[in-house]
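As structure tokens, here come the structures.
Okay, so chain A shows up in both of these, paired with chain B first and chain C after.
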Partner chain A sequence: MLIMGEVRTGLLQNSAEIEERDHQAVLGLLAGERVRMSRRPIVYAVSPDLLTGVDCRLPSASRARIRGVGTVVSRSSITGGRVLQGSSYVRVTRGEVNYRLPWSHYLARPGVVEVLGKVSGPDVADGFLAFGAPGEHLDLGSVSDRFMDVVQESPVLDLRAPFRSNRTRLRWVAETGEPGVHFTLGEGQERTLKVTHQGEFSPAVVDLCEDLALHDWLLTTLLTIVQRARIGGASRPEVSARLAPAVDTLLHLWMPGARIHPSLAALWESLERTPGFSRQWQSLVERIRDQLAVNTLALLRETNG
Partner chain B sequence: MTSFSEVTAERQIKSGPLSHVSVELGHLYMEDFQAGPDRLRRQFAAVAPWLETVRRSWQSRTPGGRARISTCFLIDDYFSRFSTPSELVPMILTAAAENDLVIDYLARESACAEADGVKLAKLVEDRLVPDPPPGTRGWRPPTHETGWLANGTRSPVAGSGQAMKTAVRWEAPTQNAKRGHSIFVDVELWNDDSRGRTWSCPFLAAVWQLLRLGLLRNEGQLPVQPVAVDGGFPTSWDNLPPVVKLNSSATPFSAYTTLSVLSTRFLQVELAVRTILSQVSVDEEVLKQVLSRSSDEDLRLEEELVDRISYVFL
Partner chain C sequence: MLVFAISDKGGTGRSVTSSNIVYRRALQGQDVCYLDFDFGSPTVGAIFRVSTASRGTTKGGMHRYLEGEIPEPTRIDVWTESDRDAIRAKPAGAGQMVLLPGDEGGGEFATFDGEMLKRCVRLFAGLHEQFDLIMVDLSAGRSFAAHLALAATAQLPRIPARWLVFHRWTRQHIIAANGLVRGDHGLLDVGVEHGHDRDALIDRIRFVRTAVLELGSGDFAHLRPAQRSWLNEIDRELRELATRHGVGLTTMLGKVPLDPVLQWREQLISDDDVAGTEIANPETVFAFDDLAKKIVDDTAWEGL
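Here is the complex of A and B:
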């Protein structure tokens, strides 16, 4: 059995952090279901899980024609009232028959895509992580994107983001085995993650992938802000003005591993050693604060003449 | 080891009591009422032996023959309003008693749209996961946005603009899960007009089945609780509880399975109901609760929802 998913992460299109009480309106995608929220150590809210039906070819590194039928599980989440994620995943299994069954069969197995015929898990995983053009293949990214768009369409939001940013795309696959994690930073906005965990798959693995996608986006976005500030190139007040959104919006959101199940905490820790997400974040934060401090001193000097 | 949890981050799903089978002894529409009490008596006379068969069949399947069988009856107060509860309910109960039938629960059809302030039909609408035609690889506009739900791909229709210049050749509709040939079904779920939304009869009947199977929740709570009526039935349908408990010793209203004894004129409606129910995704937690309860009773429950629903057409 193979489990694979795609997380898309971006900035919520709203000028301010959204308030706690607005999360239900923004993420309440299903009547009769409450948005789940946690407030410690950071405000995090997640929509109910929703299903999308698919019947299409699955990605394959060997370009094999593999047909899968079933449902994708998706959800939207907001962290710190600022960062929006759309996340989808499927469990790929071999179907018992090689023809399509009535839809009620697939709805009795939420989140499972059954393959009609033979399938090799590693072949599908490699095909998926290769980020080829989706063509006729399963497109988890478009489903995740849709779950971001639905939230952005909420009338509660003013659609004025404090700065420009890109959506990142993280594709992940998970399997059971000796615990390990392998993160690859691809070109542009593409990232891949291979997770090996002990025991049965649980949604805690999805939490881990979403948390990693969140922090990768924070780091990517902060790097872009620092680059755009042209430290050393532009005037000090200009640099400060360009760095300000980072201070207002992003710096306090760094909480790696905050919602990770203890059984998976070691995987986050190994990513902290290499590539060392928090080390890079800390050094960027210090750089920003130093720039602001130097500018403040310059301003003070001018004022005191 | 320390642990910390926040209440609002956890889902809590209530579970309700369940009978083995919920037997629907009939539907009552305006035309049945207009046909007079004789029609009702004849219907109950035809239903009685089937109820007895169901009783015996479940008694043989349960340890000590302790089968929990509840009976129910549905009155339409949604599509047309006729008579009053104080006039109609005693008439139904008399006709049933004459055939040695006990109606345990009485429900109003409008309760399937909204009951006790909970919009049940909306709960079910949001849980529709349309049957994807081959080639569906990601998100696509839901097929039910138009108020229609199909079990396959519709025939193409001539579009506007450029498409009008070339004649559109007729193509057959196809059922997604066809074996050889298609039986294509397209169901109208609702229509909207200036007075608001009117849910279709099959859609409300699908809600009715889900209620009887105990599979609906609103914010984790059971949305409808049967209520006993003391001191006579009201003179207005709005004052009658959505589901009335008529028999104080009845086993629970909801059940692992349902059986509906209906006139063959409901055959098409029920095909539509099954087309809808095949595309409803019931909460996974709720499904697990019901499965674990049934296995505690050594009962093997069908995995697919539609396989828990059966009929006798008369």
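Here is the complex of A and C:
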């Protein structure tokens, strides 16, 4: 059995952090279902699980024609009233028959995609992580994206985000085995993650992938802001003005592993050793604060003549 | 911000001017993208010198996305994929510059339905998340692409949208530009049909004069006095005509001087074309820079 998913992460399109009470309206994608919230150590809200029916080809590294039928589980979440994520995943299993069954069969197995015919788990996993042309295969990213779009369309949001940013795309596969995690930074916005965990798959693995995607997005976005500020190239007030949105919006959101199940904490810790997310983040934050301090001092010197 | 580039007639330099505005804006540090909505002739790739999309893309472009055949249109990073060295060298501090090309062999839409409108709205909203400036190049004349853009912006009142109408400085072009905005089935009529407020929409429309001859410039030093006074007279008539047709100075956002480089080879004008090889005029770049700033400068768009 193979479990694979894609998390997309982006900035919620609002000028300020959204209030706690607005989360229900923004994330209430399913009528009658409550949005779950937690407040410590950071405000986090997640929509109810949503199902999307699919009947399509699955990705394959060997370009085999593999047909899968079933449902994708998705959810949207907002962290710190600022960062929006769309996350979808499926469990790929071998179907018992080689033809499509009535939908009731698949609806009784939420999040399972059954393959009609033969399938090799590693072949599908490699094809999935290769980011082929969109639209040809089961596209979990598009499903995640669509739920993010629905959230961004909410009339509660003013669409005046403090800065422009890209959505990152993190594709992950999980299997059972000796615990380990392997993260790669692809071209542009693409990232891949292979997780091996002990025991049966549990949604805690999805939490881990979402948490990693969140922090990778924070780091990617902060790096872009610092690059664009042209420290040393542009004038001091200009540099400060360009760094300001990072201070207002992003710096306080760094909380790696905040919602990770203790059984998976070791995996986060190994990512902290290599590639060392928090190390890079910390050095960027210090650089920003130093710049602002130096620029303020220069400004004070000027005004005092 | 969404900016729609439109003209009544072909050959106004709409695409080359709007491409250069996008380029200047990126150099000024903003994230920009350029959407080819000229479905019948998707050749914007040629201006950016992206050879894989000089006649539109084969990988799935704007047309196929709007038809619902592909989940997202192809994006081309101009800084890395342009064939011109001067463009590929992205300067420090410049923003993203992304081209969303049309489809090779695509055609004008005969109509559009609700699903296509939904996809267009979603596309604009998604791009607004990522880009400071979204330039949408619409084909010349009245087209369904323009209808679609008006319908989509009517559904996105929270995203600022502006319209640039390009025209040359001639009698015919002045009359045609006015007709495109205020005439039967013009932008205002169609906009109102799709739910825009007429007065609010008119405040979002400005004119850009292209291929303008500057009578005071040195180019005219060699003219005979009779020619010069004739040109002055014609220019005065055109200015009066423009004012009568609502295309006068108050509604003009800017003008682009006549430049041989733009006439003979539609291209992005890099600083090297001006300072290095000197094939382009500095006034042209100045005009593009000025337009790139005015597009987002609210004082240039205050209600009239």
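The criterion applied here is as follows: the second predicted complex is superposed on the first by the 304 of 305 C-alpha atoms of A that agree within 3 Å, B and C clash if a C-alpha of one lies under 4 Å from a C-alpha of the other, contacts with A are read in each partner's own complex, and residues count from 1 in each chain.
As a convention for this text, a residue touches a chain if its C-beta (ideal position, glycine included) is under 8 Å from a C-beta of that chain, and two chains touch if they have at least 3 such contacts.
The shown structure was predicted, so the numbers you read here are calculated from the model rather than taken from an experiment.
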| item | value |
| --- | --- |
| Overlay on chain A: chain C relative to chain B, clash or fit | fit |
| Touched partner set for A:Thr52, first chain B, second chain C, both or neither | first |
| Partner chain in contact with A:Ala204 - chain B first, chain C second, else both or neither | neither |
| First, second, both or neither for A:Ala258, with chain B first and chain C second | neither |
| Chain A-centred angle between chain C and chain B, computed on Cα centres after superposition, in steps of 10 ° | 100 |
| Touching partner for A:Ile231 - first (chain B), second (chain C), both, neither | neither |
| Chain B versus chain C as contact partner of A:Gln152, first or second or both or neither | second |
| Touching partner for A:Asp139 - first (chain B), second (chain C), both, neither | both |
| Chain B versus chain C as contact partner of A:Ser38, first or second or both or neither | first |
| Touched partner set for A:Ala108, first chain B, second chain C, both or neither | first |
| Partner touching more residues of chain A, whether chain B or chain C | B |
| Per-pair minimum CA distance [chain C against chain B, superposed on A] in Å | 5 |
| Overlapping contact positions on chain A, where the chain C interface meets the chain B interface | 134, 139, 142, 145 |
| Residues of chain A that touch chain B when the two form their complex | 29-34, 36-40, 49, 51-57, 67, 69, 71-72, 99-105, 107-108, 110, 134, 136-143, 145-146, 262 |
| Of chain A, residues touching chain C in the complex | 10-11, 13, 133-135, 139, 142, 145, 149, 152-153, 158-161, 164-167, 188, 228, 230, 233-234 |
| Contacting residues of chain C [partner chain A, same complex] | 29, 31, 59-60, 69-72, 77, 92-93, 95, 122, 125-126, 128-132, 158-159 |
| Residues of chain B touching chain A in the complex | 1, 4, 6, 8-11, 118-119, 122-123, 125-127, 129-139, 151, 176-177, 179, 216-220, 223, 277-281, 284, 287, 303-307 |
